[in-house]
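Both of the next two complexes hold chain A, though its partner changes from chain B to chain C.
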Partner chain A sequence: MHPWVGAGLEDRLHILSELGLKSIDELFASIPEAVCIDGLDLPPARDEDWIRRALGDMASANVSMDSIPCFLGAGVYRHVRPSIVDAVLSRAEFFTSYTPYQPEISQGTLQVIFEFQTLISRLTGLDVANASLYDGATALVEAVLFSHRVLHGKRDLAVVAETVHPMYRRVLDTYTEAAGIEVVVVPPGTNGRLDPNIVREAAGDQACCVAVQSPNFLGIVEDLPQLAAAAHDSGALAVEVVTEAVSLGLLTGGGSFGFDVVCGEAQSFGVAPGFGGPHLGFFACAPKHLRQMPGRLAGETVDEDGTRAFCLTLSTREQHIRRAKATSNICTNQGLMALAATVWLEAMGGSGLRELATSCFARTEELKRRITAVGDSWRIAYPQSPTFNEFLLIGPASGTELVEQLASDGVLAGVPTTDWGGAWPDGLLVAVTECNSARDLDAFVAALENLS
Partner chain B sequence: MTIPDDLKYARSHEWIKTEGNSVVVGISHYAQDQLGEVVYVELPEVGAAFDVGDELGTLESVKAVSEFLAPVAGEVLEVNTRLEDEPNLVNDDPYGDGWLVKLSGSAEDEELLDAAGYGEFLEQESA
Partner chain C sequence: MKRRAIRSEPLFFERNPRRVRRQGYLLPALDVPEVEPSEVLPPELVREPDPHFPDISEMEVVQHFHRLSQLNYAVDEGLYPLGSCTMKYNPRINEETARLPGFASLHPLQPQAQIQGALRLIWELEESLKTITGMPGATLQPAAGAHGEFTGILMIRKALATRGEKRDVVLAPDSAHGTNPATATFAGYRAQEIPSAEDGTVDLGALDRMMDETVAALMLTVPNTLGLFEHQILEIADLVHSRGGFIYMDGANLNSFVGRALPGLMGADAMHINLHKTFSTPHGGGGPGAGPVTVSEALLPHLPVPKVIRGNDGFELQWNDPASIGQMRGFYGNFLILVRALTYIWSLGAEGLRSTSDVAVLYANLVRHRLKGAYHLKFDAPSLHEVVFDDSIQTRYEVRNVDIAKRLLDYGFHPPTMSFPLVVHGALMIEPAESVAPEEVEAFCDAMLAIAKEAETDPGLVRSAPHDTPVGRVDEVRAARNLKVTWTPEDEGA
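And then the complex of A and B:
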């Protein structure tokens, strides 16, 4: 058999006879009949070009985020992606490689991880950042389990703000249930922000962590210094979750306010929304808790000739070495997406990231100002609370109805809050980024006026 | 491979030295050699109580992390705080400055081996 050509009929019969089987069906006989499909209703085989055109026609019926003004966010954000990101990403040396079991052979991969860690460390204000995790939701899970370990498993409560992304909380529930950790959810106050006193009360003396998101699910920036103090007063670790990583270009990461963990989703750094994945989790903590940190670390060292080199450290605590005693069940990192984020951040630079974040903030403030002039049927849910690039908008109908009505007017106006549960009004979460042009804002305001 | 005569040994490779009503615990020369260069030692809290066979702490080398176990039941009286900054003492002087913890309790336990017994045990292990 040629290695690059699939097995033909003759090869298949040969393999089956070696296995002592009569047919392919017999090979897969262990699959229950109930889950098998009895034939697919497909037209006869067509050539590649025909298929490409037919599927292209179908796909063109979709509205893409780039084809009409788009204000969708709620955890996944559209930002500029300079061409250099995909150019580096698609290099075969990076694109096809998996971290080898002798990782030091892949100096390029380790250098990327080292640079990624350095960037995350600077943005979060914490001295140690790991090589990355799968996504923001699992990063939150890891932060809660981490806190539980750091406090020796003696505190079984995890206090989590209701304004932490509801999907993240659902993922968290699937882990904490099995780990014997009880999650206590603290709703926001009437201004959409957490009240540190209520957080302190909920934590009591049994919480291993207090997890808050900033900017929170409603787009509102939390009072991080007060919340860190509330967590520490109760002897718990303070955990910050970030879903819109670009906010770290303008807002100080929680590490500088005493947070023990800053983690979250870094999709905003050069990773396309991509129907919800693959995305990129990050995790940073203080050096004193290094040995309880999930995942792995790349380190900088020198080789035997004294030349700068990179190595993999801390993987001794991962699952492939420690088995059941591993610190976490992550045993790798999200390498390719971490590369995208690294290239993106390095292309932006510190001042570029700040400019980009400032632009998101300024456009959001402009849209908020213009909406207040539209009339009484539209209002910002929490007008007094500071936001970064997202806010909750209340209109003349439910969020689900509004999204449909505004879409028919040619604007993807936001994500309805109707189905998420939670102590907030029914409306639309509206996200504004540097990708929203002045014309997009005009179209948004015009669509609201039409519905007033 | 040194195996001092005045110590007792556990099959999990800890050595035990009786000092009055307490015991000092470390890991054997063989154990540190198997681990390789120790880069971090995680020690228990003073005052914590352990049963025989409980995990006392962990030893992290450049290639692996291993637990060390309580060879006798007792309470932690003292830990070797020097290991925080000098974990290599476990390699350089496993029976001296590389000691791990001091436990209340007694080594009068028939499960423990003497030097000759531990030597035979190691031969069987490597056979």
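And then the complex of A and C:
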């Protein structure tokens, strides 16, 4: 017997006798013998203490990014996580419930989704947002497929900036191959920023969308108004991808510049780095395209007494109703992570979010300033281009080697660009957040000096 | 659920109406020189402060979410018999292990030497799932079941392309989850429906007629969404394989035969496993889940990258593999969900896992036994972990399945899955799962029987339910007609 199985042995016998059966095996009689087994070749049950030790040992074989000065970003960021985030996430009313199909007993989850949608809408500058997607990479995929649908499947080209996270582009390649969409990649100019004219040229008259990331993979803030115009000139939808959601605390979301979709990764809003997941994909668009939007959506309505209430809505777009004609096959999404982001954003508040983003920005500028003083063997790849909280650093060796060498000095200095390909130098992507104190910056600079 | 004295909870945006500065969280002090953003960044890109994004104190935040939580029903409150969703207990030790700093605070792009424990965990879980399914390969990348389906179908597509074949149809029974046909379309196939036979399983004759050289795969849920095991599974697999197709197995219902049978022996070429169903990871109000896929020998070369390889010097991530379908999502999967699933599998062990299936099936049959007669059972074949009744007895009194569901709320239970599978009109799909005490299952049956009686004697009471929930019956039609999916400042005046 095991504590996670509700019926003891005698209970089972009792139920069997009520069913007029002698053995549980009889209930499985419909399974052909040829596919049956006697049992699994797995170890026996383990008690909690054993589990705690075994999993604890595995966890300690990793180096937690909290344990050393850490400047890793490239799509996953370490930000403050107020203790109340996990406290709320740990409430069984939230984490042990499911998709709110029965609104009368799910108003908690539904209102949270409605607030999440509103927060994302306000930050992106677009009027509608969905209840979440798997992650930033699949959010980009959905945005491209969405654009293809909005333009009635007549434009089979997707123009994507090379400075969109290379991993996102890899995932996009996996999906677009099946969808029959061709991806054209536009490299950045020598300043690491996109040239709107080159984007316009690449889009021609066959692109369903132009997807750009800002701040881009190199940390550089793009000229969003010009890029939206370039996309629209060619009749394509303009898609902004955001991998560092905290940037939206300081930078205007693309919706305000005419972007048709703003999507990306909201892990920065209170979701643990967690070795890459679960994270939180988000997706916002203009109301006129709402019916083409993928994923779940909570809407406001009333109950029979006219009291405000919320429920899932427009499910006629979704797989359980539309089946083969659905806008996406997504069912389970990242609900609990959307809750985390909602708690986190509401704890920060509008002013707090701006203060936090400004703090990331100031620390980044300070680190850049101090690096330029270290010496000639270290330089910032694009010193003239504006960044938010990340930049590309070139040192005396390849990025991969630099990471190893600086790690031996006790600093996790960045993500190497060595193996990502792309029209940029081999170096280190360095991300700075509000969690990097002045002492972290000292340690970083000291490590560079040691290597000079 | 009893209606408690709950004030309706204002939206976050309606709080702090005077929009004064309050503090919800104390940020680390700025210990570097301040920089004015618009002096460095292009000023037109710098955001104006949003007057409608309020600041509230920490306790206001906590109270807000506490009160909202009180409006939810949850697994910890009582039976949550959503068919196909497997709402089992979410062990607390899972939550503890997933929060270990060595897992939760691990960056996916740290140097390989710093992530050995995480890679080992992935490797261990892959091995366990291979054992549980009897299949030789696995990927843990997919974020959810539907994502796993897509991964599996892409692998099949790749295998066919490698053979130089282009097939354009994917078959699925009419009882299939909606994600199956949606996935087929998403992967560039035409989805075609196979009718069910009289007994609710696949009509082998129809399959024989439809299974030709245009068909890439058959997507099959085993046991199917009626809880019926495809007793002709071997014939089905032989037929599909002999004509060059693949079997995609939807593993949503794997929880009904863990330790009793192996999908690998059934001829499955790819199967996704919903960790949030069979392996107890929390449903989280709609996710995150995880949808690992196990594969047969034929699809092994096409598994997504990166793959976790066990080498002589520890574990490594292998990114380059031209035969692979590529990468399915950012990084390596919903890793912290994987931690929970491995915790569960190791905790239960071989015998424990098998007993979860045993009791899940036993409970479903208890429900079937108790409710038969009071509710109509369209397919009366022996079923495993779930049982699908319908409302055709109650519609005589103009009581529909949705009314029964809403009335159940008054009795303190979450309703079953409604109106699915589509092959049963007015369906009530019940899956008790193994975690609760038998008395809880009995109490649910008692409530269902009482409602069946009410439908006869006082149908109005059932039709007007729920009566004891935090809000009354919600107008879903209005929500779709007058779409309002965000709060806007114009709402302030209202």
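Keep in mind that, in the parts below, the second predicted complex is superposed on the first by the 383 of 452 C-alpha atoms of A that agree within 3 Å, B and C clash if a C-alpha of one lies under 4 Å from a C-alpha of the other, contacts with A are read in each partner's own complex, and residues count from 1 in each chain.
Methods note: a contact is a pair of C-beta atoms (placed from the backbone, for glycine too) under 8 Å apart; a residue touches a chain by one contact, two chains touch by 3 or more.
In this text, all values refer to a predicted model and were calculated from it rather than measured experimentally.
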Revision key, fill the gap. The answer to whether chain B or chain C touches more of chain A is C
Exercise for review: Check the residue A:Thr372 against both partner chains and state whether it touches chain B (first), chain C (second), both, or neither.
Suggested key: neither
Check your understanding: Touching A:Arg363 in the superposition: chain B (first), chain C (second), both, neither?
Key -> second
Exercise for review: Please indicate which partner A:Ala129 is in contact with in the superposed arrangement: first for chain B, second for chain C, both, or neither.
Suggested key: second
Practice item. Quick one: classify A:Ile321 as touching chain B (first), chain C (second), both or neither. Key: both
Exercise for review: Could you tell me if A:Gln107 is touching chain B, chain C, both of them or neither one (first, second, both, neither)?
Suggested key: second
Check your understanding: Now for A:Asn450: first (chain B), second (chain C), both, or neither, which partner does it touch?
Key -> neither
Practice item. Could you tell me if A:Glu18 is touching chain B, chain C, both of them or neither one (first, second, both, neither)? Key: second
Revision key, fill the gap. Interface residues of chain A shared by chain B and chain C, listed 316, 321-322, 325
Check your understanding: Any idea which chain B residues touch chain A in the complex?
Key -> 40, 42, 60-65, 67
**Study point:** List of chain A residues in touch with chain B within their complex
**Key:** 291, 316-317, 321-322, 325
